[in-house]
């Protein structure tokens, strides 16, 4: 059974490549999709496509139009979601995507370090599974195919 | 990831062919669908299939039966919608299709000229992205695959 | 049975007061809601609440934020919709509201003059009933209570 | 028209009382609901009801069971949502509640300080309206009744 | 607990009055709604409101516009449905209403004479309960309140 | 675009083979599904699989269990529905399937002879298109691909 | 805020009266509904209303028709569910009602003795909260109103 | 037409292999999915992936996180469900999966021995078909393709 999994979460390191490599090693028939991971491209895509905006709020809103369009298309095509929170940054997009996914009945795995247990407790509680490492998330995905 | 995109909007020029050609140049794995673009065929299809009607209102209603059947089939199969408004004509069908798509949670791009900013402001505000040219709409679609 | 009916459509005359008066004369237990009908207030509400914006596009978008918030709250509380199209103006908001209502399975009556039969034919065809006068719309509402 | 509005967001000051007082001054027929605002009660409710847990993770999860039960009951009864972000704390619950509300088609207002424009840009973009003060949020609610 | 029950089915006798009288005798807090039961009014309502039509098909379609508007409003407000089939007439409207109700997850009771067991077998099978008399249907409604 | 179309309706002649043959002649990429068309098999399938039942009512109910299972699987997989009514028989299953399909937002074509215009008027009115012949229904399907 | 809570679960003792009494003591504005708790009435209601059946299977099926009708009406009217499992009996109805409630997004509390932890672990995991006593369930309900 | 069928139910014998073999013999184009059938693996998967837990309740809850994730992914991908109850064990998971499937409108077949007729009567009544043997369930699946 082929599955598509949306990889929500921080875009400041290459954890998505790690997921894809490990899924390939396990021969899992899973396609992974996710947000734009080039941070500059993500921040500037509004002005790149729609032209210069009259200030930062408007530049941000233009970029968000296009980032949200992308996320909505890909999230609706996905069968499950992995949402990874790192220790830095506010990562409200990760919380937003995970929460939207759960409201859409997408089975969801949260990956977060021990330090974030308390602030993420309600979100973790709503998710299907919460783990601390990408390897554990992969084990959960593999379990579908056992 | 293969996607299907419904091209709502005016049928008085060949903007859909332009979209398809440009998507092909960018190698986007997207199938495009849309309404009947032969205006006469669209207006006469009711009488062509159902037989002569007793006046213009009834001829129009018969054509709409079949046009709405087509749109409903194709819109439900689509992953996203581009709705283009031109400067001429009332184009209520475009507004109807875009609004129905958004109520069905289809991610939606509106293309409209600067002159229509004010009358389309609420519809634009509900869409994910509003652009002024087909090229910009294509850039938004391409962004899904970056 | 108490009902709430959303009155979508043009805000350039006082047709809504006419509807309410006639419903009262017929003793229909119906509450009517609808958009902001003070055109200036509707156009300026964004800047009034959110502060001055850097140009007309942004002013329009700010107003639409708030107008769409209002419409969404009231439309979701409604049991049925009357959408009136007049001969002037583009009235894409009316088409947008009627189409959203129908996609949300709200029973819908369209009121439009004879001159708009052709451009509104697909929207009319999707609505439950299309009439030419407010009096006819009231007769349809009354019929629920016979 | 009576409405119920869920007040998502930080529980570290008394902004909810401010909202209620101002709504009362404006005679708005709105009932406000929201999360447990006694922070200690919220953190300890799991152990208070379910008994001592074997460590902090389990204490947090037990509390979240009950906090999420409360939120789900009250959010489903609400017609609209105001989500307030302050400058301190991670406030992922606020993002979670706002995102869930929007996925459930609840009309949503975000209140956030200027400093949070960038990290909240995608969430703001999905909300109906984003404002900076509680007073502005009240003006938006009042606008429904004009 | 107050309930609203839609009484679908034939309009050629006064079985609905019988239901209402018996529910009152049992002091059930149930409001009953249903289609227009004046057959002539139902058949002619299209022309009465919309004006003369160019033939029987169009007269029937105009009447159906308004009958379906009424049914959609009332069925959506109902908590349960009783659908009665008699021995005469084709009664496709009854089958249509019962099937739509079940697709909308409305709990449904079918009342039909023994002679209709075979032709109604698939519809009966999808309904919650099938009985032969109005008295039995009332007993089922009463059972909710025991 | 490949489509699946459910052919609801009478099982007393071979109109489904006619539809399939004509669709093939037009090279339409459509798969057709439908109910069991062997009438005896359909009536007896309950006892064939579940064993002898204690009377006709129970035999009919057992058959309906299995016929409804089949219909539910196939209807949910379909993109559109054609429902054909003939002049004989009560055909409540056809009305049931067409109505369920429309409540599930499946675009629907009704085929019925002129003699059934009046008794089917409300169902026709809810369908997208009503025609009199299989050839006309095929023309409507073909129109999707023009 | 008035709420309705469905009390799923065993009908072999008077735990529901205990819940109602304790809710009253706490002045909670909650209406409680639930299944028929007279076991004999529940088992015999099919034959009581529909007449004698040709054996136990058919008697059971007739009773279930009416019990499921009742449950569907009341569960759809409820804002939350408490499902109590006791140590005796198979109680598949309790699991069925709790699972249906959760699939319908009804916030759910499970009450079960320590001895049932293992066999109920997946159901507990899907519920919002799992407790061991009725008093704890009441505390969770009270928490909504703090 | 390719279908996917979820095989809910007991994991204490190899009935699923029996289903697959018999479906293959009949050349049915059906893929079967289901829960983890290695009982020890299912019970221990939480600790295997998430690490040792502080007691049996927590071990069970951790395992359930992952088992429920798997079930949700696979059930949502399925077109129909077979739920088998055996004579031993409480099998609340089977009832939970069958009830969730039915609430999600998945056509469902229950397989249960004669001895379980009474305790399963309400669940059986909600399912499409109830049979006593795997062979009968296969006959029902085959019937879709006749």
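Observations on the model:
The first chain written gets the first letter, and so on, giving A, B, C, D, E, F, G and H; residue counts start at 1 in each chain.
The rule we apply is simple: a residue touches a chain if its C-beta (ideal position, glycine included) is under 8 Å from a C-beta of that chain, and two chains touch if they have at least 3 such contacts.
This one's a predicted model, so the numbers in the text were calculated from it and none came from an experiment.
Path length between chain D and chain F in the touching-chain graph (shortest route): 2.
The minimum number of touch steps separating chain A from chain H is 1. Among the remaining chains, those touching chain F and also chain H are G. A rotation of 90° superposes the C-alpha trace of chain A on that of chain B, rounded to the nearest 5. Repeated interface: A-H and one of F-G, A-C or F-H share more than half of their contact pairs by residue number, and that pair is F-H. Interface note: chain D and chain G, two copies of one sequence, contact each other through mostly non-matching residue numbers (shared numbers fall below half of all numbers used).
Chain D and chain H have CA centres that are 39 Å apart. Centres computed as Cα averages put chain C at a distance of 31 Å from chain E.
Centre-to-centre spacing of chain B and chain C amounts to 23 Å, using the average Cα coordinate of each chain. Chain geometry summary: the mean Cα position of chain A and that of chain F are 43 Å apart. Multi-chain contact residues, meaning those touching two or more other chains, occur in chain G at positions 65, 68. Contact between chains, per the stated criterion, is found for A-B, A-C, A-D, A-H, B-C, B-E, B-F, C-D, C-E, D-G, D-H, E-F, E-G, F-G, F-H, G-H. Here chain B touches chain F in the complex through residues 4, 31, 33, 36, 38, 41, 45, 48-50, 65-66, 68-70, 72-74, 76-77, going by the rule given at the top. Across the complex, chain H is touched by residues 56-57, 60-61, 63-65, 67-68, 71, 89-93, 95-100, 102-104, 116-126 of chain G.
Interface of chain D with chain C (complex): residues 1, 3, 79-80, 105, 107, 109, 128-131, 136, 139-140, 143-144, 146. Across the complex, chain F meets chain G through its residues 54-55, 58.
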